[in-house]
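Chains: A, B, C and D, in written order; residue numbering restarts at 1 for each.
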Amino acid sequence: MIITCKKDAPQSEVDKIVHSFESQGLQVNIIHGANYNVFGIVGDTHVVDEKRLMSNPWVENVTRVAAPYKKVNRFFHPEDTIVDVGGIKVGGKEKIVVIGGPCSVEGLDMVCSVAEEVKAAGGCMLRGGAYKPRTSPYAFQGMGTEGILAMAEARKRTGMPIVSEIMSADKIDEFVEHVDLLQVGARNMQNFDLLKALGKINKPILLKRGLSNTIEEWLMSAEYIMAGGNENVILCERGIRTFEKYTRNTLDLSVVPIVKKKTHLPIIIDPSHATGNWELVESMSLAAIAAGADGLIVEVHPNPEEAWSDGAQSLKPKKFKEMIDKARVIANVVGRDL
Amino acid sequence: MIITCKKDAPQSEVDKIVHSFESQGLQVNIIHGANYNVFGIVGDTHVVDEKRLMSNPWVENVTRVAAPYKKVNRFFHPEDTIVDVGGIKVGGKEKIVVIGGPCSVEGLDMVCSVAEEVKAAGGCMLRGGAYKPRTSPYAFQGMGTEGILAMAEARKRTGMPIVSEIMSADKIDEFVEHVDLLQVGARNMQNFDLLKALGKINKPILLKRGLSNTIEEWLMSAEYIMAGGNENVILCERGIRTFEKYTRNTLDLSVVPIVKKKTHLPIIIDPSHATGNWELVESMSLAAIAAGADGLIVEVHPNPEEAWSDGAQSLKPKKFKEMIDKARVIANVVGRDL
Amino acid sequence: MIITCKKDAPQSEVDKIVHSFESQGLQVNIIHGANYNVFGIVGDTHVVDEKRLMSNPWVENVTRVAAPYKKVNRFFHPEDTIVDVGGIKVGGKEKIVVIGGPCSVEGLDMVCSVAEEVKAAGGCMLRGGAYKPRTSPYAFQGMGTEGILAMAEARKRTGMPIVSEIMSADKIDEFVEHVDLLQVGARNMQNFDLLKALGKINKPILLKRGLSNTIEEWLMSAEYIMAGGNENVILCERGIRTFEKYTRNTLDLSVVPIVKKKTHLPIIIDPSHATGNWELVESMSLAAIAAGADGLIVEVHPNPEEAWSDGAQSLKPKKFKEMIDKARVIANVVGRDL
Amino acid sequence: MIITCKKDAPQSEVDKIVHSFESQGLQVNIIHGANYNVFGIVGDTHVVDEKRLMSNPWVENVTRVAAPYKKVNRFFHPEDTIVDVGGIKVGGKEKIVVIGGPCSVEGLDMVCSVAEEVKAAGGCMLRGGAYKPRTSPYAFQGMGTEGILAMAEARKRTGMPIVSEIMSADKIDEFVEHVDLLQVGARNMQNFDLLKALGKINKPILLKRGLSNTIEEWLMSAEYIMAGGNENVILCERGIRTFEKYTRNTLDLSVVPIVKKKTHLPIIIDPSHATGNWELVESMSLAAIAAGADGLIVEVHPNPEEAWSDGAQSLKPKKFKEMIDKARVIANVVGRDL
């Protein structure tokens, strides 16, 4: 950690700063520049609070050399983490996973029938929303518990693990009982109370990146879950907010190699929410696999035009299968199976 | 609501779309363009789900003419809403409110002493964080209940209502009992489960704008609270995320006249979080008053360099008083008192 | 084009608006809504100026149904445009092109030697900057004419067409004489005087997307060139500015299918400038091909650590070749050769 | 300047880095951290090229301690720069300037009549566009030379200096002859060839901030002009691009105190282009003065609904005068005259 101080800071202030670090067991090196003095802090600085340092009027700037996250950091944990989701292994050199299903669960028959089609096409997990985060209070908010139970029944019939979004800590018991992979949505990425609660269970968590969050903030949210004791975290990129209007969000595929480099966690891609448009889903799915992703989570609906939410971004089962078949060849080019 | 359809849509598809609107009691007008057909939907369209429409492959585009919010809309509620916060009236032509206090409550004596200084300087409410949303799990997370009780004691001693941030629905009882104005932080602006829970109480809510949210999304979050039955909502701008690096966030003061035009709700400005730098707080506070804001919420700390969080953005009490004195003159120019 | 008017607009104002459209040969349809009146304008509206309409105080909103661009629009020109760059065909179902070379030309020997390596690896065009847009006036600004002549010599020796950036209209003669593909950089995407000048020549133009521009704005800049008479435009995505700090820019690969749908122009991808980091270049290159791009433009340098600019994002020739070999297999999956 | 190196960098590489700095007359200090080695470079580092350093594979990160600009830096030039525009002084503690006029010059009579009204209302300079940067090639591109000459005639009649936008270097002679203050528009802020050309004249330059540029990039563009020898630069904030849709751009008023702190140059605010909506112009103008701006540049048009461009953001002369009268009182509160 590097701290830049104004050149005219009185010695007593400089001493105070040095002392405060040394009392935390850190070592301080000073470089006297032409216009600034610079302190290099050596030791385990990830507990030092930059904001507090910045409140010292003599401090001009604070820069971290080391990343502020520890448990997600590949530097301290070089081997890939493989997360087991109801028997399906995700990450490392494991088979690439393809998760399919409707945006919202619309009933038992519907979700079971989609599940069969997802499986037949080559998918290995079922997604489906029972609790839906909607911008408008007047929009459909999801079937709730009834939807979760329908998903569980679809698992029973197909054998595929199920993924669904949890929106508040008071539903944790229900999710722990019925759901295999608990999704934290983009809008809740920094709902720290929810992250803390999820740190206390040991079910796998699918942590989506917030719409305007940096990768570092996303990894810090993963750190919240891991710091609580739950190390089963899968990261999911689902598009970020940009000025572009022809897509709902902008899919940032460069996260794939970055996440692989900075962390040991698996990373999967959601091309459906990222683009908001089914016509873009196949090309973005293939691109994600080429970039090295560990999996895809794709919306599949038999009749997108009658979907209760987000039909515009759903693939029909036939299209979904075609995409998987192409993705499989690309997976081989980058040394993976699918 | 305007729906653009591809010119070559079969008549049966066009009929289906028309029928679906008419069955909801809406009236449909068709304009045959050169390359597109356009449907104008007349009636109460705020329950129509754009995403569902977009999933029809013949639909090219959907545009709302009317705003998607209703209860916050000045169109349907022309008079200013005045929110009563523990006896202090906020909004309309009422006196401009200045809320001051530390970022985090650091103990009973500290918060009471700051409260006295805020009051002496001309402030009329006390702010203080007891539950702190922090990016890092290793940073100070707030004093919790002890902090809330310290705030309540400071209210008892000074008579000033108190403002504090609520981060999850399971703390609502504590907040309803002790806090006068419940703040929803920027990161929770779209925590819909929290918004729904706050819609069921009748304590005033201070709803901060999310870091990357549009004004429309912000008003939709206010609509969530009001749709639940709680009409005591005060909006608070605290800076948005931009590419700029010299400030923590970019304060968007144009929200003041826009909020006044689109809604009947009060709007206050937080220059401390917006800038992250106490040196910018006075000029941004004066600018906010000149722009027509109903109030300010400003961080005040006796020794910013020793603050437990965000000291860099805190004013000392003396500076706080100087700012208020200048703001008072500007308030008069725009027809208000302070 | 749809215009929303306030309900209480006087009839005389409404008549004035209707008349102004009819006098331009457009047909006007009126829909009387509950709270607004809506005008649907039918005809060739791409010359109508939205901003001028918005200045009418009775007008609430203006929405385009049709795209504001015409010559780049696939709607009016369904066949793919194939651009011929010094004998190499770009676009449609032609062979995917890979352009390689140094960020800056650093001398004749250097550029000729890189050219040989690019060719040997499977590249088919040579890139190299002679005029460099640099944020700082104190940074290396390029070799200028000497660099252009060195590129021309490299073409002579290898037979590969050359690509270089033009920064101002007063260099057009030099570029027309020596350069095969004239690049307009991201910072000049809306330098309209330069675009107009390039519309008057018939050399191919490589138009990079601006750092914060929408696809529509980018296509409007292509429209400037084409409206001037030069139809040889190739689009190039090179990353957009986002809040992310781990990459220099965020590569937006969803532009590939969108550009293919909205326009008939070729699209190539620059993964080097987008990421700013050679370690990400291979995965982003493969992803671009999987997404359907018509080509890649990649920085190649024999000793990146000694490059005069942007070495951090340059591949060594060996790495470049490995990337091309993998890309070739992916090209086949999406029905192309490379 | 601080350079972070990987811990496992071979000594020979470390020596090479150290040597390269020392050979440039800079002094190098090394701090050995737990996981990284850190080099502190002391001396005049503003010529060091970060990108080149980053291309060394052993270098992890490069951070500047000192700002990359020198001539605009208040650190090296503590006194306010006062720019003389045709006899009107701008900056320091001089009278606040209010510049008014139409977006586009629409003819001699029109511009002269607006000029009279601007002057009568209390304005002291006339703005007007003769060369217009338009997103669409089909939109009105300005009257060109005829517009410039009309502006010059308006100056003759009213005595007010004139401001107009220059879009390319080949018009410099015309502007030097006729225009008092040469505006560089937001889209040309990084048109480096134009900036270099303007550095060679000595007429005052009004440098607008780019739509998505940081303050640092903006100051680097000012540095381009000043490095060329022209020290008469006035900065102008005109709104930045954000996700907000209710305004055209987001006016960033925090630039005012930041520019005052980082530089010695004057700063003026353009509330018309920032908001795109005349209803917001008065409140944003008053806010700008309260924030400490040295001036305003405001669009004024006698019949906004008939303006050839941007009527929606133009004030009528009566409104313009009312705004100036209020701004005058606020100017006094912050210790200025207007």
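Operating definition for what follows: a residue touches a chain if its C-beta (ideal position, glycine included) is under 8 Å from a C-beta of that chain, and two chains touch if they have at least 3 such contacts.
Because the structure is predicted, anything quoted here is derived from the model rather than measured.
Asker: Equivalent interface to B-C, which of A-D, A-B or C-D, with over half of contact pairs matching by residue number?
Answerer: Answer for B-C: the repeating interface is A-D.
Asker: Which chain's mean C-alpha position is the greatest distance from subunit B's?
Answerer: Farthest by centroid: C.
Asker: Round to the nearest whole Å and give the separation of the Cα centres of subunit A and subunit D.
Answerer: So the centroids are 39 Å from each other.
Asker: Which integer distance in Å separates the CA centroid of subunit C from that of subunit D?
Answerer: So the centroids are 27 Å from each other.
Asker: What whole-Å value do you get for the distance between subunit A and subunit C if each is reduced to the mean of its CA atoms?
Answerer: Their C-alpha centroids are separated by 31 Å.
Asker: Where in subunit A do residues touch two or more of the other chains?
Answerer: Only 212, 241, 243 qualify.
Asker: Touching subunit D in the complex: which residues of subunit A?
Answerer: 2, 4, 29, 31-36, 38, 40, 42-44, 60-61, 63, 65-66, 75, 241, 243
Asker: Using the touch definition from the top, list the residues of subunit A that touch subunit C in their complex.
Answerer: Going by the criterion above, the answer is residues 212-216, 240, 242-247, 250-254, 256-258, 261-262, 274-275, 279-280, 283-284, 286-292, 326, 329-330, 333-334.
Asker: Enumerate the contact residues on subunit B facing subunit A in the complex.
Answerer: 46-47, 49, 51-52, 54-57, 68, 133-140, 167-170, 187-188, 190-194, 196, 211-212, 217, 220, 223-224, 227-228, 241, 304-314
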